[in-house]
């Protein structure tokens, strides 16, 4: 089992969700984040001061999947999030030692989906 | 050492916290998240349009523990969060390679608690 | 590759960011969190009731780095966040199995920076 | 627009006569006298209506104050209650309440004048002002709505919406007007010489005691009290909204107190002055009390203190000196802090916004203070002097009797009403609904869509 | 301050004379008559200005309502539009609009009186009120600004800022004043006996139909409609702001309707009464309709219902009984809910705040209701009786013709104007800008800096 | 209520006489004359009080504007300061300030009339208006509070709460009233022919210069300036609150300017007109200037521009034409943007809300513009013509001298006062407290409990 963490552009979430659904990945957890990357950030001018916003708003996805879903999930995220421009985001993959469904107490691969 | 990540219903946090305290787990980090799972989501009607909210509000707990605390922690979370209904949540367990207490620079199992 | 997660005091973020920059760590993801630790929390009095706030506002940093950056990153965080007082925070290090840059599809160590 | 109304003066005189009249004053004097009278009525009507409009705006003040002092997950609900109690109240008071309050009837209540039907002399109790009947209705209606809306704050975050609607109608149509009749409609309390200029007791007392009855019947919010009896703070979600609410209330109060003359008399300047001084001192006193007691100058207490000062000065505003007003406000400000702590920590009655303390307790204080501080010179031939100015115990006695009777009536009526509602449709939402929040459960909306809010308390 | 203005009465009489006059009334009568007249003008001026100030404040109401009902990422943009349409509008209406509306000219439009230049008799169409010309301008200008600002809500979240500025100027300077001239400036609709007391059609109709034209030309927001034709909810980001907005609008409406007398006549009490009753019933009716249709009492519909009731009663407010007002508000409240659903689900016209339903549809209803419910007794010699009170079809016909003509004019003018703007500078932001939000893209700011907001919709 | 006050007219005449008088005008004329006078006073009193109430509401406007333009972690603190400076100020001005400002005394300050004690002729400087003394107090008190509250914005996010309370009392009780005496209380500036109709200098100048003194003494917020001298933006946390604040201020300004007649004269219509036009043009000019300079139409600058236009027109509002008002507003709007940039980037004085630019700089411009644009026809026998209308340099000289003297006085008094406070109780919170936010540190509360807010700046 793997835990996939992806940072994407906020306005790409609808597309990523759609791509994941098409890949039969229905479960995920979404958090708000601020990201520092290669992307320069837009500049706000507030009261005449140029305001270089270098912590940009990002969406952080967390998706636990079984091994055979790892690549489809990564591809789906790329499909939904990629524009080819700086700021598209990153995907991190971690080993997941255990997964438990609270409702039933099931453990392991069955608990994921 | 393990890093336990749990997604629970927001209104179960008080109960989970209590169960963790009873299990002598006092430290944790809590974040806001939106979750997609089996739970259908409540429907809002806003201005006559049924609004299927499929990203539901969740609480995300992160708890770093030593090996002998893993099972008690999982059990405490289940105890506090379980209602038997869809939406109760998930627990993920990751291996934790290192842990450092910033204040003292301590590392490893001593730094966790 | 490692994924470094650090919980720090919100008002230390500027200092930590600076220390990380000095250590040539430019990329990171920042989230808001609430933390329970040894720190007691300030007390608010709201309408005459002492209000022990035991979930304190924290900043959660996530930094994916290659092996040779692990120690410099940890040191930079400590440098920026440490005051010696309870509440300074924690650093967790996880193994990172894979990293993908969405824009280019690059994988592994090259994708991190 | 489009030549809709000629001034009555034009109508009476005709334009030709008007021109003549500028040159032939002696001949035109009969018309002059009419016009003078018309002018006088016009000023009074403009004053009464604009004051009423200011009082209307207090609805927004209460809505913001109560929303700000409760949690984000219940904000829509409390706003909706504030909106709807006015909507139902204004119609109920038009149909029934105004007749009960000012219509001819018994010493206990009016029994005529429903739907503003004036069969000649029906509203003799309001003959002292020359404004049109509908101006009287308008001004009195916004007062009734104020009394009704006070209750929502104390019952916030756990009351069922349909139950709330029901009781707010009964309050505007019946419970409040009965008290109004006793004191302002020529009823028995007026007869024994009780005075309440703008409603410390009539409006705030009734609203506040009903709020107490409601809070008792409901019980505290989930998580408010610990098993060991200690009390938890449940902070409001937006102090800026609450502060805006108090500024709006204060603004509206300059209609509430001075407008209660329902006539553009010079005394309105004195009333505005005592009003502002008492409110200011109330805010200061509450802040300092809180600072002493809790080590920090608590803004929510300072805001309550301003309201406390305003409520307290409402009864005596026209009858006391500026100096007395400051004292009255000071006591109100101290009282509200002590009272909030008392109800919360000692009695364990959960009143999220402090409505009982600000309105009932300080309303009682204000009504009684009139018996202490009144001075004949400010409105000769009305209250006479209070205890501190040599008037003896008589006035104070009447005031106290008034406070007690209104307390008894409101509590009794309130407890019966809430008990009935509890029996028939249920008063309180379920624990689950309460934890999730009334916005989603009762109205299917979120107050702050898209915002990240911890809704764990 | 600093002895700036003596009262005209002092000027005329001199202080010495004034004192004398208290003792020698007969001799002083000529002066008395002048002073009476001065007093009368003073009351009317104070009333008209203060009512205008209340109407001005409705700008804040619209700004809060529209900001609250849209997403956080577009809040600054909609606020900025509300602010700027007033800024440009007040100047454009001063320079051009007022002349077109009330200046002497043809039955179609005024052609004189620009920059408030009065060449004597230029503004004869406003001679029925005795207040100074600039008081007339002030009161009419805030009305023009209301018509202009209604449009911003329907076009929110996707319109380019410079395009918005441009069309708001044209509306205030030309499109609105032409209709105003027809009905209030002695134009052809006034001549055929159409009545619109405070502007259900003149203000809300024009604003509402232009909003419809704009929403059609723009098309729906990204993500509003699914490929299968079903519609998504895009919830507003702050219901408390929206609720505050409606309370402010309601507050301001007590200047809008009663103030339209532009004279302190006793009828203002009746107007205030019908206004409040219709608004309350509108809120109740909309809430109950929504409750029946969607199973929950939707606050956004209740808020729209209050506005609907207010818009509907605006035309007939002075001419109908309190009971009729309640009925008119009731129909308005039901109508607004059905209309919102109809435009959204059937016609797929995306109107984020429901401006078309509340202003155009309920404005039309209100104007027509005058032809049904008007009663001669309330303003003798004006409307006469409507259909339901034995007045026959004549008035109803004139009202209906008025509604249709204004619809035709506003839609035509609006569609042409928006088409031109689309061609020349572009009407809508890009999809990318829309997704990121207009605050960052058009203004380079965030509305809620530091807050965590999901901006994914 | 309950027959509290009979109209003076009734009192004088008695109801029987009143009826008679309709038939026997000639005999009743003596009474008529009294009633005419009573009506006249009544209109003036209603106008003055309601205008004062509008000005009072500006407190809410300042509170919202300042809260919106600062960070969430300091919102309660700035609200609390706005609330408390009014509470203390209204009492201090009653006890001391009003006497210093309008009491008989020297050319420098009044030395009598404390606690509103009128020993006959004490307040001769205000005899030009016939409203009751307490109406004068009420109207002047809300002005004093405005001057005091301006300061809080410039000193926001870093000033100790108790220090703030202290200096706000001194401002209301002494620093402001002295200037008021010079210009409105018959002091030396009035004597040399300086005019300031509603307080561009008296109120906004004093407030603005004190704000400057405070900002200088405090130094910039942590993180405002980089080591290389460049400046960081510290965006406000809620632009909707700030926008609401400006709408409220604008609304209140229609009491501020027209109300300064303290009499219901027809000129109030002209004053309202110049006020609205200057404000609108100020907003437009600031937006366009910002658009040119920073590429985007910045909403915070547009909001400041409206305030700038209002501040600028405050002095000349009654003395200039509508066209001149537009020019005055335009210059104000440009000036405020340049001034904000100048103070921030060149002088490195950190003024979070732009108070110095909007109030001091535009106040100075407005006062001087009166010397340029005044025209005798608008208020014959007062200012005479300004430079541009053939009046020569005299008026301009007096105006300029006024601006300079008030600058010198306010800066000197301010710097001394703040230095003293710094010495005795400390002016600024610690770096740590500033980073954590004043809400938690000074008041022990959060403004937005439950909301996720990044508090890292």
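Letters A, B, C, D, E and F name the chains as they come in the text, with residue numbers starting at 1 for each one.
Criterion: a residue touches a chain if its C-beta (ideal position, glycine included) is under 8 Å from a C-beta of that chain, and two chains touch if they have at least 3 such contacts.
The structure displayed is predicted, hence computed values, not measured ones.
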item: Pieces of the assembly without chain F, by contact; value: one piece
item: Copies chain B and chain A - interface residue numbers shared by over half, same or different; value: different
item: Chain centre separation (chain A, chain E; CA means) in Å; value: 47
item: Chain centre separation (chain C, chain D; CA means) in Å; value: 52
item: Between chain F and chain E, distance of the C-alpha-averaged centres to the nearest whole Å; value: 30
item: Where chain B touches two or more other chains, by residue; value: 31-32, 34, 44-46, 94-95
item: Multi-partner residues of chain F (at least 2 other chains); value: 26, 29, 32, 36, 39, 43, 46, 50, 235-236, 238, 244, 294-296, 298, 300, 444-446, 448, 451-455, 457
item: Chain D partner contacts - residues on chain B that touch it in the complex; value: 10-11, 13-14, 32, 42-46, 57, 59
item: Chain D residues within the chain F interface of the complex; value: 26, 29-30, 32-34, 36-37, 39-40, 43-44, 46-47, 50, 54, 71-72, 125, 128, 130, 183-184, 186, 190, 195-199, 202, 235-240, 243-244, 246-248, 250-251, 254-255, 258, 260-270, 272-273, 276-277, 279-281, 283-284, 287, 294-300, 302-303, 306, 318, 322-323, 326, 379, 382, 448, 451-455, 457
item: In the complex with chain C, residue positions of chain A that touch it; value: 2, 5-8, 31-38, 55, 58, 60, 74, 77-78, 81-95
item: Residues of chain D defined as touching chain E within the complex; value: 1-9, 18, 21-23, 25-26, 28-29, 32, 35-36, 38-39, 41-43, 45-46, 49-50, 52-53, 56-57, 59-60, 63-64, 67, 75-76, 79-80, 83-84, 86-88, 90-91, 94, 115-116, 131-135, 137-138, 141, 161, 238, 241, 244, 442-452
item: Parts of chain F lying in touch with chain C, wherever the complex brings them together; value: 223, 432, 435-436, 440, 444-446, 452-457
